[in-house]
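Paired with subunit B in one complex and with subunit C in the other, subunit A is shared by the two complexes that follow.
And now, the complex of A and B:
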């Protein structure tokens, strides 16, 4: 039986080969390239030591992208989970048309984030933008929504959250439906108020759902790329770049492959570390119950 | 009873806001798509003289149909390979819990967190060396690699729930591992395979970040690439770009409306451990 089990291991060799060629090897090569001044296409390059990394310390664009990445990740996670839980609680009640609402909220999850970004462009553009048309009704002057970096980051976080809130909603709905009615019945007999029911029954029993939803949203938000490319391309200036779009810009825009590798590795470490910290913290909560 | 009525009253304004937020993008996109280029009225209004001109431009100049075809081809091949490679890899990982396999499994799940853009530079240069740029196999291999952890995750969870006694019975009857997999395990995995196809299929269909680098030739454009080049080139004719976007999201939306149950099941399967 043991020999048979070992023979079975052959089955994952194709997967391991793919991961080695397209993940592990690039990662190692990326670490090497981050210590060079390679421009991305020439045959020759020099090893420049840690100068790419020291350069990052004083590069304001990298600082901005670093902070933006965290805002995209953490901001989207908070918004999506609060809204998703609210929607799930609402749609867990029985009323006419709830299936329609559920479908509508989940539908944007299907659409390519890039295309969603372009659709949103019609909302936020200055001339003839949908949002400016609305505020014009209230007699307000048109605003160039995407001309300001901070506002741009907020809008991108919001668009990303609203597009993918359906994922959290569905996870929470599944979680809510997994809570046996008898807990609520028992609480009703004891005369427990609605708020307390939520705090002491719903929330603790939803912990596994909260855990998966937070993890998925956090990783998704930290990797944000397509929507930024479609809506602002990182502009104005470098104000709305995430680390992902900055790598792209540094590599293909400024032909600075060595530096781009270094930024890429920093984003890799940031995303891994932040996700790990959050996953660990959430798991602890789950055990505490 | 009084409490119920109150929550009902409170509910409808909230639902109205949700409907407004989630319908307006589709509404505006449709309104703009049917507008003649000369009509500069608000995008909340439908044109008085609707036209199909924008769709014609999108099809002729934007090459939307060719792009849909390319995307379909890439998605189909990638998902087929994903199901094969993913289910095969999951079998030993679920059944044979040796130390090595536990390490390999956690390593594969770790890959799910790797942001592809962080290794963009070396990945791109490796593909250049292998000659995978502007080749369909290049994009298929990369999509396959980065979607594989998700597929393996779903399959290992599922195979874990199939009784191992079935494998043992097959072994006693003289079935080797390969035959056991294809005759005993694979036929039971229809529902999880549906989840894998749907989840990873959507990712492949909507991919932009990989296609952007690998498919640079305008002859091989996928849907997202066609839309993005349309938007950046024809700034003067955004109505046509909007028509192109509408054509691009139409198949996915239609697919979702008909197969909604499976889409949502797939999502929940992938999230709940």
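And now, the complex of A and C:
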């Protein structure tokens, strides 16, 4: 038996090699670089201790990006799941054109986020933007929608949520179709109202689906990148940057690769911890059929 | 059990082989490869792949990678020249024009010391790329390089590293019709006060005096690159050029530069969407006659003509900060091409450089860019732009401010602090000066 187990261990080697080369090594290198002042391309650098980490404490751009990242992550998760669940409940009913509506809701998922960002730029921009053209019909003055940082963050959260709501919808649809009808039939015999059915049958039995959907949405929102680059480029100034886009700008734009590595590492820990907390909290609420 | 072991061993070997192959996409040079590695210096972090020729350097098997930051008409002209070079020599030129991501890609490749065999240096041949480029002083066309561009591409030891196919002699571009309509005489604009007075007239005529496409951060940096020299270096009596190069940054002067932009925002001289418009809308409005001025080089004229072939676009020198000083022009690299000093096909890459230096080739590319050629053996026909360049031939030229007087990496700081001014954030001017000083000191001492 031991011999067999030893032989089976050989199968781990390819995965371990891949994981080491593409995850462990870059991670270790990133941790090391976060203690240097490397500019990202020169052949030399100095070790600067923890100064990159202490600098983060007083850097307003990092603070702003941190808050934005939480908004993108949590905001998108809430919106996507509420809308996704609502759509799934609706599209789980039988009606004409159900397949078409499902396709339409899922369609934006297939567009690359970068392209989605550019499409939305043409929608929200000040001059000749679709939204301003619409409000002009009602005699209202054009608004520079993306010129305000807070509004920019809200728009980015909305765009991200609407693009990926289809994923939540599909997960919830699968979850809903996995709930045996007998529970609803038993509830109907007992005279249970629709709201109570949802609260005491649908929701508890959907917990595995909610768990998956929340985790996927949260991670996606926390590492939001492409849509920001296409829609606002992180601007005005640094107002709509997420930690991911800030790492990119700090690394390549400001040529502070060491500092960018430190921000990246903090961002990695943040996403990992937040996801862990949420997953564990959701797991506790799961029920067995 | 035996079969499982064999499968496992096979999988492991194939995985290791695949990973090893990931490390290099280049084939080893066969014996008898040309001497293109001669003169290759050992440098820290230099990978062995430089020594492993990427393809046989004999005859038609040679592949030269050519990467450029330019796009559009310029890229097409360069690519066409490379195609003709391929026909003439039988070599293959792998032409890459990744556009906006070029700088990121080049920084990544510099960090790995794995550069393209030939590449354009987008203004940084000396400050950023000189350690990676082969000096060109001994090449046959080096003595023909235009004196106007020579100081920009020469380092302290007198080495030049690029072929300046053309040169970017830039002022402020303007729509002739808009200025005529607003009754502004461009020749009377000598100082920034004159410029502001002109903006007032243009605004009164219902046009946008200055258009900035701040969504593309670099367009904000353009303003500072254009305005800062007039405050820091163009006035010989009060020049801070030496101080900047010796690591001293004067915040009070930067407050004046930032204050100029701030005064325009407050006076309503900029487009309403200066924070969210992009470069394309700058060009669109310049071409369609709704904007008067843009802070771009001559390629903007070519781009504007692409939008509206009938657009009348002119150029004025950059105003001085005081009446005691004279207007100036910016001189910089436009399409400047160099050869990676450790290229495994250095000889062939040098052949390509020599080909691009031929007068008829240089002329064609420079005309596509709307610029003067960088070598005196060729003269580009660039229509009205040429007329303006001739008109201002005696105006003193200065290098791009950030490339010459600021440490590398300051460009992004200029763009970001400028955005705060456009957004009219509290204390934006003082903050801009303070942030510039802090970053200047950090980067200078690194």
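Details
In the analysis below, the second predicted complex is superposed on the first by the 281 of 289 C-alpha atoms of A that agree within 3 Å, B and C clash if a C-alpha of one lies under 4 Å from a C-alpha of the other, contacts with A are read in each partner's own complex, and residues count from 1 in each chain.
One rule holds for everything that comes next: a residue touches a chain if its C-beta (ideal position, glycine included) is under 8 Å from a C-beta of that chain, and two chains touch if they have at least 3 such contacts.
All of these numbers come straight from a predicted model, not from anything done at the bench.
By the touch criterion defined above, A:283 reaches neither subunit B nor subunit C. By the touch criterion defined above, A:25 reaches subunit B but does not reach subunit C.
Legend: residue contacts after superposition of the two complexes on their common chain; A:4 is shown touching both subunit B and subunit C. By the document's definition of touching, of the two partners only subunit C reaches A:39; subunit B does not. Once the two complexes are overlaid on the shared chain, A:253 sits against subunit C while remaining clear of subunit B. Residue contacts after overlaying the shared chain place A:126 against subunit C, while subunit B stays out of touching range. Contacts of A:236 after superposition: subunit C is touched, whereas subunit B is not reached. Comparing subunit B with subunit C, the partner in contact with more residues of subunit A is B.
Residue contacts after overlaying the shared chain place A:146 against subunit C, while subunit B stays out of touching range. In the three-chain superposition model, subunit A touches both subunit B and subunit C at residues 4, 7-8, 10-11, 14, 18, 21, 40, 121. Residues of subunit C that touch subunit A in their complex: 1, 4-5, 8-9, 11-12, 15-16, 19, 43-45, 103-104, 106-108, 110-111, 113, 128, 131, 214-217, 272-273, 275-277, 281, 408-409, 411-413, 415-416, 419-420, 422-423, 425, 439, 443, 446. Residues 4, 7-8, 10-11, 13-14, 17-18, 21, 37, 39-44, 46, 121, 125-127, 144-147, 232-233, 235-239, 249, 252-256 of subunit A are the ones that touch subunit C when the two sit in their complex. In the complex of the two chains, the subunit B residues touching subunit A come out as 3, 7-8, 11, 14-15, 18-19, 21-25, 28-29, 32, 40, 42-44, 85-86, 88-89, 91-93, 95-96, 98, 100-101, 104, 107-108, 110-126, 141-142, 144-146, 148, 152, 171, 176-177, 181, 202, 205-209, 223-224, 227-228, 231, 238, 241-242, 245, 248-249, 252-253, 255-257, 260, 263-264, 267-268, 271-273. Every residue of subunit A that touches subunit B in the complex is listed here, in rising order: 1, 4-12, 14-16, 18-19, 21-23, 25-27, 29-30, 33, 40, 87, 90, 93, 95, 97, 101, 103-116, 118-123, 128-130, 133-134, 162, 167, 170-171, 174, 194, 208-209, 212-213, 216, 219, 222-223, 225-226, 229-230, 243-245, 247-248, 251, 257, 260-261, 264-265, 267-268, 271-272, 275.
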